[in-house]
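Shared between the two complexes below is subunit A, which has subunit B as its partner in the first and subunit C in the second.
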Partner chain A sequence: MRFSVPQHTVSRRQLLSGTLGALGVSACGQPLLAEELTQRRKKLLLLFQSGGASQYETWDPKPGTHTGGPFQSIPTSVPGVHISELLPHSAEILDQLTVIRSINSGINDHFFGHYAIQAGHNLPGHPVLGSVVAQQLEQSRDILPGYISLRRDGPKAYTDVGDAGFLGAKYEGLRVINAEPPEYLVRPESVSALLMQSRDQIRRRNDERFLQGRRPAPIHAYRDTFDKAFALMTQRDLFNLEQESSRDRERYGEHDFGRHCLLARRLLEAGVSCVKVTHHDWDAHQENFHWHEVRCGEFDRTFATLVRDFSERGLLEDTLIVAMGEMGRTPRINQQGGRDHWGKAWSMAMAGCGIKPCIHGSTNEDGTEVADGEVNHGDLFHTFLTALGIDANENYQLSGQTSPIGDPACAAIAEVLS
Partner chain B sequence: MNILNPPQIELLRDFKNDVGLLTCAFASQGSTVFLGAREPGAKFVDLSEPESVAQTLEGHATWVTAISAFPDHVVTADYSGTLICWSLESESPTPRWTKNSVSIRCLATNSTAGIVATSGTDGQVRLWDAENGASIRVLGGAAFPVFDLAFSPDGSFLFSVDRAPSKPTVRQWDTSTGELAGSFDGSDLSAYRRGENVQWGGIRGIDVSADGAQIACCGRHQYNGPGTVLLFDVASGQQTAKQVSEFPGLFHTVQYHPDGFLVTAGGDVNRGEVWFFPADGAPAIGKAPVSGPVMCLDLSPDGRQFAAAQSVGQSAYPDGGALGIYSLQPTAAANSSVPPDEPS
Partner chain C sequence: MGFILAACALTAGSAPPGGQDTATPSLHLLIDAHIEAAWPEHLLTATASSDAEFLRRVSLDLTGIVPTAAEAHRFLESEEADKRRHLIDALLARPEHAWHLARVLDDMLTERRVNTIKSYDVPRDRWLEFLRRAVDANRPWDRLVGDILASDGSDEMTGPAAKFYLSRDVKPALLTRDIGRIFLGIDLQCAQCHDDPRFPDYRQADYQGLFAFVHRMSHFHDADRKANLIAEKAEGDVTFTSVFTGDIDTTDPRLPGGLAIPDPQLKEEERYQVKPESKVQSIPTWSRRLLLSRELPQRETHGFSQNIVNRLWATMLGHGLVAPVDLHHAANPSSHPDLLQALARHFENTNYNIRDFLRELALSKTYQRSSRLPAGPRPTAARFAVAPLRPLSAAQLGWSILQVTERIATNFQTDAPQSPPDDSWRLDIYEPFEPDVQLVVSAFQGLSGQADGPFAPTAGQALFFLNAPRLNQLFSREWSPLVSRLVGTADSTEVASELYLAVLTRPPSADEVVEVCSLLDDVSELSQRSERVRNLVLGLLLSAEFRLNH
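For the complex of A and B:
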């Protein structure tokens, strides 16, 4: 006796139309044209200095003061503006950068800091910047995950704090470790491309059927994970940095951060909305000065190369590049020659997407407090989203409930927006 | 630990400074000590003057990180890479030559070979002519910051130590050719771990025995362990001893005493100690507390005193620094773990 369950019945017409749709062809054979194809999409590249870079040894030096440390400041391409001597390459491109010297987040903790600076909220549960951008800027033609996070292996526990929250697994950051593609991206030889497509369509149809009468969230999570994996299988070559010229690989830097930034450029060019590259080990509680020589040495040349490269390729107009950590470092130098956590007065830099190159805000003579133009992490969040064309004053619509995208008590920094 | 015959120390002079000290060195005549601190400029004190205070020498625009002495000369170096050779022939040190390099963390001098060696964050070891500061050559160096340098007695070899994350290494350089003559595995000393913040990893200090046959290195035992000294036989390149102390801090500096034993010192937050080890690899023969974490220690030429560059204060943030001048009275058995014969 044949047994048939109506919800498990899939018609041949339905199956074929789904398969053809996945191949970009309508059932009548006409190519699909979406309005989004003609729109230029904004993108975000987040360079995260995990551990907290010292503002004294980067963007807001105080040479000659009791808090300033041993390094001098150097002139930049902006007349009258000096930054640390540890950032000579960034000094050459400062006319393309926006530097915020007046951040007061009030947060001195790695875990909370990682979350708050990326979520723009103090209350837990909000999605982080990458997930927000992935969701808000997604387009129907997107193949790749909207948010990819690049880091090396063996990070500190706080490095991965923050996720998509209530936005769901679809907007979770895909973690790529050591610039290596995720495992199992290669289709087995025994499975043809058409067979793989057909199998995926069957999976999708089954998921749709299974959804009927069931809670959608877990099913969507599985579906979204499969979709991401499937998309990456077709784009595996993105991870092959050997396709880049030796010149580019050298000038980006033959280290983790350099390779990740080069991969980030490839991913953004391929359509990913947000890539986060973590530069590790800024938490210099000991030997702050020698250590910043090392970290800034890696960061500076790669960062300047990145900005120049994006500009030359015409990407900077639509890509917001943000360089920041979760906090700054103390004015006082401890017994071990280090600087500790400091959320009261610290700095970050950004470029692109129409942000006005300028220096915003200032600290007092010894850098212990913000003197002018104080902003917090919520204000920065608003600013980033506004530059990307996202209204942070809007709300998420969550099954009948709303939640503000940005903290309503905060606002974008108008002075740096075009 | 053999405490029957530990060397005795006594604080003779204590020169306070507004900020913490980074380095110190006796001049060859033994009555002047040079120091560098977390402030611009090198300083010196004249120990022959009972009421002397530290005087600042003009020439360094930033913190002096390393000092080494020749007969009649002292060389100082700073974070910006400024290298100054001071003549001591007149009443007050006067600059003889000045060179500019990249950030310098350590330096060594050898009067026999007439060479000054410097290194630092970039890992490259540079040799300079002691007479006029002319650059001799740049050795290959390491891809990691170099923490300390030491010459063999005749100046034919230079040893550098670094903080390579997986394997801190002693490198032996032929100073006449610039070639790498050997390397020694310092893995027993703490290494930086990936995924961790900055740690006290690497080989922090090195010295060469008077006969050039042995080298001593100091640091911290494995990850976050106690202060430790490693001994190596130069000819074979083999580690011959690992002397782990009970001190829960990092040994920054190690030196061979003229009587043959080892003097090492270091610090943890608010705490500093000097430890003494025999050169035969036996356990420590003594220790003594000092007023604060010791960043650098230098023996006087006759070994009867040492200078300690320290931070002082009771909190995590120092209230200042101090150059401690201590007398050192080693006993007859101080260079061995074997106690002296009892008098009959």
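For the complex of A and C:
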């Protein structure tokens, strides 16, 4: 199903899809369209529940059934809609959320799940959401990388699966660990600013000479990265959470997820197109219920704070906040009181960027199957991109080959797009 | 075509090694004749590289590292006739050549892939050593491909070659795609579920025929021996449906453009050498994997010879005769179809001799063009009239940075053994520098599972160059013999000369000498002088001229 694409999106992509784009440099030297300057930029905040959050203990509870587990459901700010008692703060803002209860991805593996859910394709080699958004929404004046990925240290083997694929290293997510600034942002102590300046003059003068009589494009491309690097060095304070009030640091939560979400807000406000925050340890094969108390305890308050904050700051209109994992968890509770991997019927939630707050789809009484409104991860991918003003039915324009942005067999979920 | 043959007859030199018929012109002359025959008149003024350009380029391309200042002195000052030919032969004879080409082949064959579970893969240094030995022995390409496709990980000598399979988690769909791409120059990924909607010559039947060779393979981890092996079943047929047409078909193993090869009829009890059981590597009597290893690397296999000559051409000349190198089809033909055929036939007739082929490429005028643009309208890359500007690979960059410190050259002088039986000791000299090289490589390496695309530098890499503390340490007076000797050289003109030779493999221009003098004259205080020298070295190291092969 095709959606009408705002004219500015098409022209921005045309601007960026020339040969300079293929050289890894935004189209510099091209006149900026007036629309590009005044158009408000769309952003994506991806909160990734790595390991797979249980839909029973979050968005699609089944209390009193043989699959439902011990927790109750609670009413929300949407009359008639109940979610798990483990998400009281999210319940209060449910009227701002879109909850999809009918995902059937057919994937119950961490590795494949991390890739396919983020790439929107099952075929390997495609770029993940963050890289896609970075490439599609970049502008020539951008200093910050288009995609920054935040997580704590000590990843699992599957945590970092998925990358920029054929879009290449330029769109690879800048990795920030434990909310620390990325490497090499500061001049080393042993080199004074004056020395640095003199060194750089030598570099630039040599480039000028080398340019004489040679093909300019690769030399310009390389030289431009130094301009970008110097500009990035001036942005180091962006990563300093001490600059946020202690109240905000408390509201977001004094744990890595909370800190990373607060940092994400700073980065998005500063113009980064996509920030991904990984919330770890959802893979509850043992003691599922205790685990979800802990994980939801962290997730719930931070998530609700984020949505409220963005709304109050007027950012929600242009920011899509997505909360999901790579799969759900089994209806069956195993012998260790855990739930295992489950891709057949699970949930996610999102808000912002014109997505209609509502509950989309449903599962049957015990949550063993999707009952209505079935969608897959390819459809979700289309939906996210459409909300961000990107037509996922189009192809990338890259030197060498074209490739569809979204899986051609999938489509955006019309019911949630306004 | 008549013109090309005539040109070759007039200029035919002595026959190159490799048992070639003396009546056939040398390959490098054939290359030049084909390339120049296609040129409009104004390109005939395209210039040859200077000795300095050529020295740096061929050192990087054949040994993966820039020359030392001493080597540059020797070559630039030499008045020997045919010095370029002798340099090529000398570089090919060095152990550094096999060391470098092993990395090039590794990149081509694995594209930085590692098994999802690291311990399920061949350790990288074992795999690189396998490749290095193969290059050192100048193993013919068809034999090497046979080794790689046949390996099940068990053999002492060819076990590491199973990395091709293991780095792809022995996933049949991924193997099908990459065998097509890497050994045949075709990317059949979009032909898995239907005929490729973009390219009529990529058919689903071709994908599935290739798939039929590998779909019975799986990974087996022998926990006791800590070995990673390829297990294989004796049964399993490939049936496929086109999601476009709904047609159902079956296929035996079949290479694209080739004939289907059915399994021999075997009685049930004869089908396995080692029957499938848990904790056992199942080995069938009839192995489709071994069938692949025999059938694919043949001159009759469609695309087999063309693919490798095109890929070798692309690594040296910066741009394939078919580009992208893994997407050859009717609507993406070679820019020089006759030349591509000639290269393929030559390669076959010289027994798939990689070293000879690289030598011929390096000898050609086409390879030895300058990167300076000729007068007039700029020629396209496919004309091969101008040497391209190519980025150094991550490994070339890392090793070249270490080379510039002159620490490696110093160790060569101090650590050379008294009377070595051969040159293999040279590789030991490089070992202590691996960690520093790895620091550079991790900052510049491409993504895993992605072939290297066009030059796409990043701001993160520029930040590394600007701010990595280790770079400043490597070029401190205490650590770097180059910086130390430049600091100790009183005459600034001499400093300029040595500086440019060491970092950029060329003499400085008059302006550049003036610049160095203005920075160093009357600066005698040791720490100030050291800082300025280091600045000069790093300033040039960070320039595009160093970053690029030109």
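Everything below uses one rule, namely that the second predicted complex is superposed on the first by the 337 of 418 C-alpha atoms of A that agree within 3 Å, B and C clash if a C-alpha of one lies under 4 Å from a C-alpha of the other, contacts with A are read in each partner's own complex, and residues count from 1 in each chain.
In this section, a contact is a pair of C-beta atoms (placed from the backbone, for glycine too) under 8 Å apart; a residue touches a chain by one contact, two chains touch by 3 or more.
Since the structure is predicted, the reported quantities are computational estimates derived from the model, not experimental observations.
J.: Taking the superposition as given, does A:Glu57 touch the first partner, subunit B, the second, subunit C, both, or neither?
T.: neither
J.: Based on the superposed arrangement, let me know which partner A:Glu326 touches: subunit B (first), subunit C (second), both, or neither?
T.: After superposition on chain A, A:Glu326 lies in contact with neither partner.
J.: Is A:Gln72 touching anything from subunit B or subunit C once the two structures are fitted on A? First, second, both or neither.
T.: Touch status of A:Gln72: first partner only.
J.: Report for A:Leu195: first if it touches subunit B alone, second if subunit C alone, otherwise both or neither.
T.: Only subunit C is touched by A:Leu195; subunit B is not.
J.: One more residue to check, A:Leu123. First (subunit B), second (subunit C), both or neither?
T.: Only subunit C is touched by A:Leu123; subunit B is not.
J.: Considering only the touch criterion stated at the top, classify A:Glu293 as touching first (subunit B), second (subunit C), both, or neither.
T.: first
J.: Report for A:Arg215: first if it touches subunit B alone, second if subunit C alone, otherwise both or neither.
T.: It touches subunit C, and subunit B stays clear.
J.: Under the stated touch criterion, which partner chain does A:Leu232 make contact with: subunit B (first), subunit C (second), both, or neither?
T.: Second partner only.
J.: See if subunit A has more residues touched by subunit B or by subunit C, and give me that chain.
T.: More residues of subunit A are touched by C.
J.: Across the two complexes, what residues of subunit A are contacted by subunit B and by subunit C?
T.: Correct list for subunit A: none, the interfaces share no residue.
J.: What residues on subunit B touch subunit A, complex-wise?
T.: 19-20, 38, 61-63, 78-80, 103, 105, 120-121, 145, 193-200, 267, 269-270, 292-293, 311, 313, 316-318
J.: Contact residues on subunit C for subunit A in the complex?
T.: Counting only subunit C, the residues touching subunit A are 116-117, 174, 189, 192, 198, 323-324, 327, 371-373, 378, 386, 388-389, 391, 446-450, 453-469, 472, 509, 511-512, 515, 519, 531-532, 535-536, 538-540, 542-545, 547-548, 550.
J.: Okay, in this complex, where on subunit A does subunit C touch?
T.: Going through subunit A, the ones touching subunit C are 22-24, 111, 123-125, 145, 157, 161, 163-166, 168-170, 172, 174, 182-188, 190-191, 195-196, 198-203, 205-207, 209-211, 213-215, 218-219, 221-223, 225-226, 228-230, 232-233, 399-402.
J.: Under the definition above, what is the set of subunit A residues touching subunit B in their complex?
T.: 51, 66, 70-72, 152-156, 280-281, 283-291, 293-294, 297, 332-338, 340
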